[in-house]
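The structures come next, written out as structure tokens.
Look at the two complexes coming up: subunit A is in both, with subunit B in one and subunit C in the other.
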Partner chain A sequence: MNAKTSDFLADYAATLLGCGATCIRIEKNLKRLAAGCGVTAQVQIMPAHVTLSVSDGSGHSRVISRPMARGGINFDVNARLSRLSWAVADGHLSADEAIERFQAITSEAGRSSQWRELLLASVANTAFCRLFGGDPASMLLVFAATLVGYRIKQAMIARGRDVRLAFLAASFFSASISAAGHVFHLGGTPEIAVGTSVLYLIPGVPYINAVSDLIDRHYLCAFGRFTDACVLTACLSAGLCAGMYLLGLYDL
Partner chain B sequence: MTEQTIIWCVIAGIPAIAFLARAAERIISECRHRQRPGASLFEMAREREMLFISGDDPAKDDDADECEDI
Partner chain C sequence: MTYDMIFSLLTDGCFAAVAAVGFSTISKTPSRAWLWCGLTAAAGHALRFALLSGTGLHIVAASTVAAMAVGLLAVLFAPRIKCPAEVCLFPALLPMIPGMYAYRTVQALMACIASQDESQFIHCFYLLAYNGFTCSFIILGMVIGANIPIFIFKTISFRATR
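What follows is the complex of A and B.
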């Protein structure tokens, strides 16, 4: 039993779980990749861990457990890892080349530009404000509020702070800054600015993944992801309410 | 200024001050790293290096002859 191959499969599964892949995707990718590497793998997926049983068909097997890789949801990594499994299954890559490609993918993932993300998230949230009927003044406020809130979230998570605290702080400051429409009488739709200023924090992917896991009968993971998403939504709401309460926006 | 305005300014000022402080900290640390390693305020140098006049011939430098008194 090649330990390097089984370690690679375990790291692969843990990285997929960490970057927001659904359980069915992890199972299928892993089976495909294992077949391409000449072994068989059975995976047990838990909300924060994966456990693999890898066997080489000659009676030797190995059980490996890995915690979920912490890196945040990243669909680019998700897609690249899926392509990697297809490349191995189609015979384009050997096991050693697959390991090198996997290490390259995971090392590049950490270097994505945070400033580009910040700018694009702010523009996207501004578009949401427009979608809900906000005027240009509200859009500008939402842009500024998202810029500040998203940066706070990035900085806190980069420093290892709890993600729930980061959500609370980001939503508080975003809601408060966007309330400038009410405080200084800017624009005609200040309530839309306040309401849309925190939309960038809504954990949509965990909710969708929870439903997908529920459909595929991975009930533990479904419940775990759904609970995680609900907790983040509660933190987001608490920050929004705190900002509105401090600024006296009771009748919004 | 109303109470609401004051509260808003305080809340908006907190991240502004935090960002400015971090930017200043980053600039100061970058300036410190750019200094030449080993740079010092006081150091000993030869007379020639202190009193160089263009046209002086380095081969006839009196400071280079340490056995002059023997």
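What follows is the complex of A and C.
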């Protein structure tokens, strides 16, 4: 049993879990990759860990457990790791070359432009405001609120603060800034501005992954992802409530 | 179909596409998938708009049907961009999130807590339940509807990156 290969398979599964892949994808990719490396792998996926049982043809096997890789949702890594598994399975890469490629993918994972992400997320939330019927004044407020809130979230996560606290703070500041429409009577749709200002924080990927895992009968993972998403939604709601309460926006 | 309706459909689709492309950067979607994310979101959101305004379908049913269309398009586009179907699917679904229902749920919750008498509380509680249920069932319908095509067309969905 080659320990290097089995460690690689465990790291591969932990990285896929961390970057937001569904359980069915992790299983399929891992089995394909293991077959390409000349071993068989059984994977047990838990909400925050993966455990692999890797066997070679000679009757030797090894059990390895890895915590989920912490890097946040990353579809680029998800796509590149899926392609890597096919490259190995189709014989285009050896196991050693695959390990090198894997290390290159994981080391490049965090290198996206934070400023581009900030700007595009703000523009997206502004478009969201328009979809809900917001007028230009509300759109402008939502843009400013998202810009500030998203930057706070980025800075807090970069400094290692708890992600739930980051969601709470970002939603509080976004809601408070967008409430300027109510306070200073800007535009005709101030309610839409406040309601839209925190939507960039909705954890859509965990919700959708939870249902995918549920359909594929990975009930523990489904429950784990759903609970994670509910906790984040509760945090953003608490921030929104605090902002609304501070500015007296709770009268129906 | 009137000129106003067509114009509304197009603008709705365009803003949904902008929202999807912007939100796709949050989940680090590869840039080669942006165009397809935008197209998928525009088609899904415009379909929901047409179903709501053209057929009078309930928003939960309309969102579920539109999410299934989004899921189907994501599965079809996935092999073209050599990415898993989820890469297009998730950002394209986000513009359909019932944000205003969620906001009104939170607002009604706060009004419930701040209410002074029973009749006011009952009214606020009704708003809380109505908006909360509608929001929850829209999201549930969307995520189930979007996942169905991925599981029906497993062969395409899980071989897209080959």
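Methods note: the second predicted complex is superposed on the first by the 251 of 252 C-alpha atoms of A that agree within 3 Å, B and C clash if a C-alpha of one lies under 4 Å from a C-alpha of the other, contacts with A are read in each partner's own complex, and residues count from 1 in each chain.
Here, contacts are C-beta pairs under 8 Å (C-beta built on N, C-alpha and C of every residue); 3 or more make two chains touch, one makes a residue touch a chain.
Here the structure is a predicted model, which means the values were calculated and not measured.
**Student:** Let's test your reading of the overlay: on subunit A, do subunit B and subunit C clash or fit side by side?
**Tutor:** With subunit A as the common anchor, subunit B and subunit C both fit in the superposed model.
**Student:** Based on the superposed arrangement, let me know which partner A:V148 touches: subunit B (first), subunit C (second), both, or neither?
**Tutor:** first
**Student:** Pick one for A:W86: touches subunit B only (first), subunit C only (second), both, or neither.
**Tutor:** Touch partner of A:W86: subunit C, not subunit B.
**Student:** Just subunit B (first), just subunit C (second), both, or neither: which does A:D162 touch?
**Tutor:** neither
**Student:** For A:E100, using the defined touch cut-off, is the partner it touches subunit B, subunit C, both, or neither? Pick first, second, both or neither.
**Tutor:** neither
**Student:** Would you sort A:G243 into first (subunit B), second (subunit C), both or neither based on which partner it touches?
**Tutor:** The answer is first: A:G243 touches subunit B but not subunit C.
**Student:** Among the partners subunit B and subunit C, which is in contact with a greater number of residues of subunit A?
**Tutor:** Looking at subunit A, the partner in contact with more of its residues is C.
**Student:** Between subunit B (first) and subunit C (second), which does A:E108 come into contact with in this model arrangement: first, second, both, or neither?
**Tutor:** It touches nothing on subunit B or subunit C.
**Student:** After superposing the two complexes on chain A, what is the shortest C-alpha distance between subunit B and subunit C, in Å?
**Tutor:** Between subunit B and subunit C, the shortest C-alpha distance works out to 18 Å.
**Student:** Under the touch definition given earlier, write down the residues of subunit A that touch subunit B in their complex.
**Tutor:** So the residues of subunit A touching subunit B come out as 148, 151-152, 155, 172-173, 176-177, 179-180, 182-184, 243, 246-248.
**Student:** For the complex, give me every residue of subunit B touching subunit A.
**Tutor:** Residues in contact with subunit A: 3-5, 7-8, 11-12, 14-15, 19, 22.
**Student:** With touch defined as at the start, can you tell me which subunit C residues reach subunit A in the complex?
**Tutor:** 12, 15-16, 18-30, 33, 45, 82-84, 86-87, 89-90, 93-95, 97, 99-100, 102-104, 106-111, 114, 123-124, 127, 139-140, 143-144, 146-147, 150-151, 158, 160-162
**Student:** Where on subunit A is subunit C touching in the complex?
**Tutor:** My answer: residues 20-22, 24-25, 28, 72-79, 82-83, 85-86, 90, 112, 116-117, 120-125, 127-128, 130-132, 191-192, 194-196, 199-200, 202, 204-205, 207-208, 210-212, 215-216, 237, 240-241, 244-245, 249-252.
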